[in-house]
Structure formats: C-alpha cells, structure tokens
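If you scroll down you'll find the structure; I have some questions about it.
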Amino acid sequence: MLSFSNSRIHAFSHSLILAFSHSSTNQQQQLMIIQLDQNITASQLERLKEKLREIQYKTNRVSTQYGDYIIGVGKKDFDIRAIGTMPGIRDIHRVSDDYKLVSKKWRVEDTVIELEGGIKLGTGHFAIMAGPCSIESEEQIEKTINHLATNGIRIMRGGVYKPRSSPYSFRGLGIEGLKLWYNKAHEAGIKIITEVMMVEQIEAMLPYADIFQVGARNSQNFNLLDALGEVGKPVLLKRGISGTIDELLQAAEYIFSNGNERIMLCERGIRTYETAYRNTMDINAIAMLKDKTHLPVIADPSHGIGLRRYVDKVALASIMAGADGIIMEVHEQPEKAFSDGQQTLSFPEAERLYKQMRQAFELREGF
Amino acid sequence: MLSFSNSRIHAFSHSLILAFSHSSTNQQQQLMIIQLDQNITASQLERLKEKLREIQYKTNRVSTQYGDYIIGVGKKDFDIRAIGTMPGIRDIHRVSDDYKLVSKKWRVEDTVIELEGGIKLGTGHFAIMAGPCSIESEEQIEKTINHLATNGIRIMRGGVYKPRSSPYSFRGLGIEGLKLWYNKAHEAGIKIITEVMMVEQIEAMLPYADIFQVGARNSQNFNLLDALGEVGKPVLLKRGISGTIDELLQAAEYIFSNGNERIMLCERGIRTYETAYRNTMDINAIAMLKDKTHLPVIADPSHGIGLRRYVDKVALASIMAGADGIIMEVHEQPEKAFSDGQQTLSFPEAERLYKQMRQAFELREGF
Amino acid sequence: MLSFSNSRIHAFSHSLILAFSHSSTNQQQQLMIIQLDQNITASQLERLKEKLREIQYKTNRVSTQYGDYIIGVGKKDFDIRAIGTMPGIRDIHRVSDDYKLVSKKWRVEDTVIELEGGIKLGTGHFAIMAGPCSIESEEQIEKTINHLATNGIRIMRGGVYKPRSSPYSFRGLGIEGLKLWYNKAHEAGIKIITEVMMVEQIEAMLPYADIFQVGARNSQNFNLLDALGEVGKPVLLKRGISGTIDELLQAAEYIFSNGNERIMLCERGIRTYETAYRNTMDINAIAMLKDKTHLPVIADPSHGIGLRRYVDKVALASIMAGADGIIMEVHEQPEKAFSDGQQTLSFPEAERLYKQMRQAFELREGF
Amino acid sequence: MLSFSNSRIHAFSHSLILAFSHSSTNQQQQLMIIQLDQNITASQLERLKEKLREIQYKTNRVSTQYGDYIIGVGKKDFDIRAIGTMPGIRDIHRVSDDYKLVSKKWRVEDTVIELEGGIKLGTGHFAIMAGPCSIESEEQIEKTINHLATNGIRIMRGGVYKPRSSPYSFRGLGIEGLKLWYNKAHEAGIKIITEVMMVEQIEAMLPYADIFQVGARNSQNFNLLDALGEVGKPVLLKRGISGTIDELLQAAEYIFSNGNERIMLCERGIRTYETAYRNTMDINAIAMLKDKTHLPVIADPSHGIGLRRYVDKVALASIMAGADGIIMEVHEQPEKAFSDGQQTLSFPEAERLYKQMRQAFELREGF
C-alpha cells in the first residue's frame, strides 16, 4: 500500500540531527554505502549496526526495487575492509561527493530502466518520448497516438497539470484527462509520461502514469522528491531553470535515498543572459552527466531552445553529446496548441527528425 | 474553516479553457479588474455579469481580506465607462501586464500590512525580521528572543522545515519545534515568520505562524501559492534563485487572485556567473519593484551576499534602494549554527547594524 | 600598401553625426544595401548619389574583395524599385536588423571562403583547425605539423600573443615565433590561424598569418575590428565571453563594412552560472547563426567545455548543430602545455576524433 | 618623454617563459613583493638580485609614481626575513592571490589619488563625476560645465570616442572635441575623465585627459592596460560586462605592474538573465572590492541599471555599500542626447541627487 507517512524520512532526519550539530565545526564527514546481501540474516544485520555504532556512524536504511542498502554517516576513519568482509555484506564503498547513491563512482554499471513490453531506457538503448505540451482533447490524443504508433514511438508525453507563470493561463485537464489519455494510449501499446506537481496528486495519478515527470520549477521541491522516492514508478527529473549539475544529482539522491532508483535525468536548457532563445541547451551537461552518474540521461530539445525551427539540430546535437533519449513536443497543428506552440513540431517535421535521430544514435554507438 | 478544496481554482481554470483555446491564434486578450461595492446587491451583480457575457468576457471572482473583485478576461474592445457607471461598482481598470492585481497601475496607494500589536509592514514603515536560519533548541530560541526584545525587534525569523540541496543535511525540527518557538515568542510579544514548503504543512502550521514564508526554491510552486491564497495570514514571497521580476509579480498574482492580498515580496539575491559570493544581491529589483507594485518589498542581505563580513553594507544599500524592511540571520554563535553560519551575524554585530539601518531609513524618508 | 589611416571610418562617422543627432527622437531609421555593377560609370554613380541626397539619405561606400556597395542611411520611406532600376545598380535591399551586410536576409547564398590550395570554409565543406593553445618551441611546431599532415588537417591553430588574465602568466613568443611557425607550416602545405590582439600588431603579422583570429576578450574591440576590415586576410571572430548573438553579428558587421567580407564566426562557449566546466557551449547559437547569417560558423569545443574528457562529445554535437568547422586544441603532451593543457587532446585522442567528426559531418550532409 | 616601446613588458614576459614552462606541472608558484628604499644603492640592489637568483626566483622591477618594487616569482620556500633584513629593503611580502600589487593583504593603507587643485579620490573622500555620455557640441559642454560648477562638482565625464555595438551608430567627436572640452573645463577649474579605446589614442589624448577611463568592453584588452601602466595619469577601470571581481583586480594588476598605481575600479552593473534593466548593479562587488584592494572604488549607477527613473536609488545604495565616488550621466535635455538618453538625468534631477548623495556619504562616514 502506498502511504505518504514520510516516516522513513522523519526518522532519518532525526537521526542526523546530532551528527550535524557537530559537523558544522568539523567538515570531514564521511559517507559509506553498504549494499546488503539479499538474504542477510537479522543477526548479521545487528552485528553490522553494532560495528557502525562502535565507530559512531549514524545509519540510514534504503530499500529500493533493486537493492537493500545501509548509508553510514560519520567522521572517524576506518578500514572499510573490516566491514566489507562481514557476512551478509555484498559490497561497500566510501563516497565523498554530495550525491552518493546516484554516483558512478560507486556503481560503475549504468542503470537501465525497463518498462513493460520490453521498453528500455538507458545506456545502449535509444528512447523517443513525443507528444503535446498539454493534453487538450480526445481527438488530439487519438491523432497523436496514431502518429506515434506509425513511427514506432512507444512513449507519449503530455501534461494534464500545467505549471504556468501567470495564474490566468490554461492549467490543464486534470485527472479526468489523464485517465482518458492513459486508457487510449495503453490500448495502442504506448506508455505515457506526465508531470506531477505536488505530493497530493501522486496517489490519484499513480495508476495512470507510467513515468512521473518532475518539472524544472519543482526540481528542488524536496517534499515532492521524497514522496516520489516511495513510489513504484520511474521518475524523469528535469534540471532546474538555473540548476547546477550538482543540484540535479542531489535532487536525484533524494528520490533514490527514499527507495526509488528508477530515475532519469533530463537536460532541458538553462537560463542565461542570451535572449535570442527561450533557454540555452546545455550540451556540456549531457556529456558530463553521462560520466558522473549511472542514471539514464534524456534531452529535451523543445525547451532547450524553444524555437521550432531549430529543434531538430538541437536534438541531433544532444544525441552526439551522449543522450540516451529525447523528449520532444509534437502536435498535429502546432499553431493551435494550447501551450508551447512555438517550439512544437508538426507531425511531418517530427517524422523526418525521428529518422535522423535514429541514424545519429546508430553512428554514435558505432564509435 | 480552512479547506484545501481548490474548488475556486478549478472553477476558474475551467472557465478559462475556452478563452485560451482560442487565444493562441489571437494574442490580444484583455483583462479588467472590477472592484465591487461592499454592499452590491445580488441583482446588481447579476446585471454586471450579464453585461460581461454580452461582450464575451469570462469572469472570475476574487474575495480577499480587503475587497471583492471581478476579474474579466476577454478579447473585445469595450467602453469601460459603460461598466464603471453601473450601480454596485466601485472602480474599474483595464490592465495589460501579465500581473494585474498586484500592479501599481491599478492600485496607486501602497499596501500596508498590519499585524496584531500595531506592527506595520509597507511604505513609510521600517521592519526588521531577525533570527537564526534554523530553529535548533529551546535555549537558542530564548537567547534570540531576549536579543530581539532588547533591540526593539518585533518579528523573529527561523526555519523548522529546511529545504536542503542534499538529503543528508539537517532538515529542521518540524511542527513541534514550531509550537515551542511560537509560544515562547508570543509570550515576549514577538511575531514569527517561518517557511512553509508544501500544501500539506499549511493546516498544521496555521495556528503557529504569523507570517508564512515561501522560499526561493518554491517561488514557482504554483499549488503552494494557490493554497496560500486561501489562508488568512500574510505571506512573504521570496524571488526565485534565477527568477525574473515579472515571475515574482506573477507568483504574487497567484496568491492575490486566490483571495489573499497580504503579500510581501522579498529580494534575496540572484544566481549569476560571479562565484565570489553565494548570490548577487539585486538592488535594481528593489528599486523597480517599489515602482511596479503596491506590495511591500523586503530585502534579505544574508542570502543576498552570503558572507557575514558584508551583510551590513548590503542591508544598508537595500534600504537606500527602497526596501520597506530587512530580513536577516542572527545567531548567538554563528560558527555553531546548524546552517548558514557563514552568513549569520553575531548579536553584537547585529545590534550595531540595527542602529545603522534605522538611521539610514530615517535619512531616506527625509529625501 | 596597407595603411591604418582609418580615413574611411572617420569620414563615415562624421557623415552620420547629423543623422543621429535627430534619430534619438525618431527611431525609424532605414538602411538599404545597394550592390553596384562592377562596371558602373562615374556618372551613373553620381546620379545614384543625387537620388539618395534627394531623399536625404547619408551614404557610405563599402568595397570588399567580392563587391562594391553603397550603404544608405535615412528616414524617409521610398520606393526601392525607383533606385533598383537605375543603370549601374546590380541589386538593392532594405534591411532592418542592427546587422545588415552579414545578414542572410540580404544575401541568401552562403559565403564560402577560399584559401590557397583549394581549402574551402563554409556551407558544404568541413574544416578542421587544430594545434596547441600556445606556440612554444620549434620542436613542438614540427611534431604538430607532422601530426596534422598525417591526418589530412590543412589548417593549424596556435597563439603567439596570448591574452592572459594575470600579467604574471606566459604571454607568447611574439612575432619571431610566428615567422618560424609560418615558414615550417607552409613548407608542409599547411595554413595557419593565429590571434591578433591589437591594431599595432596587424602590419607585422600580415605576411605570416593565413587567418587572423579575434579572441573572445576582443570581440567588442571596435578599433581592432575596423582595422581588420581593411586587411586582405580572412578573420575568425570569436563570440564574446558573454556576448549575445546580435553583438557577434554586429561585430562582424564592423569588419564587413570596412571592406573585408571574408569573416568566420566562432562559438566558443559562454559564461553562465554553471561552474562545473570552464564555459557552457552554446549549441543553440550554432543552429541560429547558420540561419541568420551567410557567414561560415566554426565551433571551438576545447574552450566550449574546457575539459579534455568531454571535448569529443562537444565537437560532435557542434557538427550536428550545423557547424562548418571545428577549431580545437591538440598537443603532443597536453599535461606539459604552457597553457590550456586541461582542455587539450593528445595526438591519439585527436586522431580518433577527426575520424568521428568526418563521419558525423557526412551523416549530417546526407539529411 | 612618453614612449610605447613596451620594452619593460617584453623583458618581463621573456623572463617568465622559463618559470612557466615548468610551472604547468607544479602549481606551487610563489610571489613576493619587495619594496625598495628610495635610496637603495646599486650594490645593495645587486646583492638582492643575487640572493633571489640563489633561490631561483625570476625578478621584475616595477617603478611607479609612489614606489620602487621588485616582484619575485619562484617556487622554493624561503625565509622572507632573510631578505627583509637586507640593507636597502623597505618591506617584503609574500602574496598568494592572482592579483598582488593591488591587494590589501600587502598594502593595508588605502590608496588616495590626488588631482591638481586638491581633488582627492579614495577612502574618506567622496567624488562625483558627472556629464553626458557623449560630448556633442560646444554649447552642450558649456551648459554642463555651468551646471557642474554651480553644484560644486569638480570632475566632468564625457566620451569623445564611443564604443558602439553597431558600426552605424554615432562614434564620437574625436580628438578635436576633446581639446575643446578640456580647455573649456580647465578654464572653469573642472577636471575631465574620458574613455580611451586603443593604445594608439593614448599619446594624442594624454595632454587633454585628467583621468583615462577604460570601458567595460576593454576591461581585458591587455595591451591597452599595459600601455596605461606607462602613463602618468590616473586610470578608471570599468568592470567587464560579465567580468568577475578577480578579473577586474587582475586587470588593475596589469596597470600597476607596468608602473602606474593611480588606478580606480568602477562597478557598472553586470550582465545577468534579468532583462528588466540594461545591467544588474552588483552592490556586493562594491562591498567586497573595498575589502580586497587598497584602490578607490567608484560606482556607475547610470549603466548599473540603465533606467533614469531608478538611477538615484542605485546611486544612494552604492554609497551605502562603500563606494568612494559616483560617475553618472547628466544632460541638459536627456531625451535629445546622442546616446544613453534613457539613463541620463536632467540637471534638476541631478541636483536633487547630488545633495542626497552627500548626505548619504556623511551618514556612512559617521558609522
């Protein structure tokens, strides 16, 4: 059963208070990630905790879809081999970044997220997620699904809750729109990704979302990140409008450390002084993220430049920089879209790009 | 009774769908703010609505602590006098910015927010809000209250829910800490301002917060803004880490248009390329906001530069730029603070600054 | 004979004083580009000027390697056909951007710059310019030339005057280093591109530079741009550290309007809030510049990210975004380079990238 | 006689080549500033140099208006007392920043620059420099001088060479305008500050400029900075459009290390993502510069916000942040100014501000 008790979080926060009340005068805090054997016994676990208490390490248990971990936080130097060789321990790592569980330093093998039907997201696979900015009507949904199916696209994007700068703008069709869309898409064998804006929405959306998207404006909404850590669906986390790479990785750490390691990171352009485009696509971030984390990295060229005319070039560039997938806006009639029309491709434009992207991905994989 | 049904919001969003489905092809949308007489009759109101239907304007009713408004959204040109002279109408304005209700174009007289005990926030009054970044312990609360009372400071700041980039950092004492603090402060005649991070926290916090603070990371958390529009407490809204002035005003519009016009805006430094300080205080924003909106403008020099050594100069500069108040971090032992110690003043440093700020405010008011 | 009298510039500035003394109150200044027939007669030219005087247009004559133009500046509306049909006129265009001569609105066909030996720079051709940040020694020159020749690279980059933030850093070998390098390179059939930092250097460098590079810090050094407009060698103009696309195009306009239309624009990363890399490569700029101007666009991935490990991905992304060429730093022993070692590829790394880039270019051209 | 031989620079650069060819593999380079006695003997100097050669330090001699220094660059650790106690040595400091001579770590006492007639620039004195963006005509000069004299302003600003983004904009009256202006101003006992854009202009301008201004676009034009180091006039150095504080200090270091220590630094707003104003005034920079360097710090509120309506508030804020002076644009009829009219104050507006600024300065000095 899903519950938003946040009890795990609270217990965790509490256990850290003491550690941190001291840490301000002495910065050399150490963190270790201990991966437990699947069949660790209760007494083995107890011995491990005792060992950690001896060296005055606070512990936090993280259980995800893929593993069971103890995160230890303390200050003493210690011999990690003394712990690593204990029974019931699969692996142990010392980590020094501000992000730990999402770091490639610890987990060298990249995370590949699988969806039902054999859809894979991550290194070695190329995913396209396409669809309108906003879900607008049944007709629009049907036309888009038809377009995607024809082109072999297996994930549809769309918003039913829209974050809008002005309160007087269209804010989306809400949960009823989501249900309608989800059912139509699943009939056609297509998965959906959609934005969740607040903790309260999660429970209602959960049966009708294949991937939760966290928008740029919520990239440091830590309560939302915590709550998505307790959810059994993958999360695509967008970089903040002026978020750093470190902040993005730390946001992902929130989700992972609360129990969900099926996370994708999304570069969607950053805010700079340049006003010629809506955002400035940060291709560097794609290259660096693929190197720093084991999580899949997705690029959003539609927001990355915000101008339809150039979306194709930005998409292709993102693939060359290392992106594992592209999320992009398409609409049967971009000029009539409720939102983001100026950065949305028409179906024929999109079709041309799908082919080019697949060729670019193939070339890159051959390097 | 407080309820988070959001019914008003939903109704509003819904009524706008049609308007917006067309507006994408034709941008010339018009907005008008109609202020109703306090004792408008039902039939007068009905006639007004009929009139607006005639010119195909969608309407939204906004009721706040101070007034009752109809916001009309449509596209036809019309003679505002034809509506302004109807019975039951106090005032009518046509507005063209993306922010309307918070604009000075419509309401020339500045908003002054009053708290119990004669505390005034806004033009012509100077407010100091001081206290630690995080509420840490009973002893800390007492010492701070004592320091504030001695110096005639009537509002204490402090966090019980802390947004932290890393999930492994101290996240605050929570609601129990808030209750303890609130009671201690009120015994001493001091009001408190504290950050709310999510809609779910509002109800529990409501009896124990005099002013709700929305943090920089939540400045575009539109659900939170909507919900705070339904709350009977003032809200201090911080500018986003890379938020524009327009975005800040539009965020305030969310709160106002949901029924709460007791809003303060807070400049707290922006993210730029310069890494010599934590943020870059944007003095220009203070000067411009005082000109664009009738809402009070508060400056946060602690975050504005992030380095204790220069907080005083940034505070004084902010006052000269037009700030109606200063929110700043003080701690008995900054070097032992759980968070933000490097930008927190000690009590003696703060005392010196309080005096200087009051002199600077006096000089400015004399200009 | 080359002379830096700037007489053309002065005359031009002078003639504009009157025009501009009025223009502040009335913004609707018009510009037209009139391309003259190669064999326009003196009397035809006189009639044209008379016509322009009639409509109170100030004129400026621009003569480049490729054409002869009159730029007219005035405010009256006029029928361009009345001028376009006059004898001796090849073409006439009205232009409204702040950049005119470099705009694609006026000249639809892209500029392709030819160097001796059949080297072409511009749309449809792919150029690689590689070499060290600084020219350091004879041995280094020889090894690099050998590496380039082996890989079919025909343009070598290198600096003999180095702009350095600190006056205590290595500033380059100067003119003697340039002569040595030029001679060695030309023996091997390789052209060179090198940075010029000040007007005074141009005359001495002229015989020994195949392409002049203007660095990011000089991108608005208007005197230098003016002077390079009078020089018979191509110029590669780097975007300013925080220069906009418009400013880059206007800088190019300086060079063109002084008589040199053999200009390349270079995207080399911009300064943003992100500190994870030296600069943020702006892929959007490449896509947009190729659309706005007829000039060749070159990408500099070495400065674009500033970290050797990612230079290859950024280079390949730049090609997909539309770059006509890549300028990059290579060194036999990057860790021993006098400057920029951390962003310089070793010879084997570079060789691998040359092949990939050529494949990426080929794929793109096939789209 | 003034000569631009740059021989000192070249010798210096040369002497550093060896030092730097090694330094890339070992970063721990040390610098020391040795201040010589005014009457150090040749043999004492020789002994000092010998001593430095022993510890393999390269040396550079800097002679300014105020002192005679040896800058030593090397890597070995050494006992500075062994040098400090040698005859002929007044003082010795080890420095570790990238800027040395301009650092307050070395020279605790602030530099105060004196102009003829008892004008002082620096800590404890408050200077106003006012005038038009561009010098336009004799009449304009006379009216401005009259306005300044009436208000006790002793330094007039104005440009005769204007750096303009577009080559089609007004570029200034040039050297003849300067002579006219200089003579008129000096008759009235007023000094002038004007921008120099290139090395070639210095010699002609030298007799007619009291203070040279280096504009934001030339803040890293290192050749210009070098040349101004050899000039006997004070230099006001503007921060680059997106220049860091460190870069500004290093630019000043260029001037100082070439022999001119009469330098002022000028904060004039930086480029950020915010488009509501031309630039974002960086008040933090003023506070920090006053702490890091002994040089005077001047604020330019006209460019700092770029909007006439707010220039007063930004000016007053700058003073509170610690500025030693204000440089601002005034014009008899701002709406008719050739350039920058939108940020230029009228005479009555300026008069009101002069009084307020003097009061603000007085208040600050009393703190």
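Order of writing sets the labels: A, B, C and D. Residues in every chain begin at 1.
One rule holds for everything that comes next: a residue touches a chain if its C-beta (ideal position, glycine included) is under 8 Å from a C-beta of that chain, and two chains touch if they have at least 3 such contacts.
All figures in this text were calculated on a predicted structure; none of them were measured in a lab.
Of all chains, the one whose CA centroid is most distant from that of chain D is A.
Where chain C touches chain D, over half of the residue numbers in use are shared by the two copies, so each contributes mostly the same positions.
When the C-beta contacts at A-B and at A-D are tallied, the pair with the greater total is A-B.
Per-chain Cα centroids separate chain A from chain C by 41 Å. Centre-to-centre separation of chain A and chain B, using mean CA positions: 31 Å.
Here the spacing of chain A and chain D, counted between their Cα centres, is 49 Å. In chain C, the residues that touch at least two other chains are 242, 246, 271-273, 275.
Chain contact summary for the complex, chain C toward chain A: residues 242, 244-246, 269-270, 272-277, 280-288, 291, 304-305, 307, 309-310, 313-314, 316-322, 356, 359-360, 363-364, 367.
Taken together, the chain C residues at the contact with chain D in this complex read 9-10, 13, 16-17, 20-21, 24-25, 31, 71, 73, 98-100, 136, 163-172, 174, 197-200, 217-218, 220-224, 226, 240-242, 246-247, 250, 253-254, 257-258, 271, 335-339, 341. Touching chain B in their complex are the following residues of chain C: 242, 271-273, 275.
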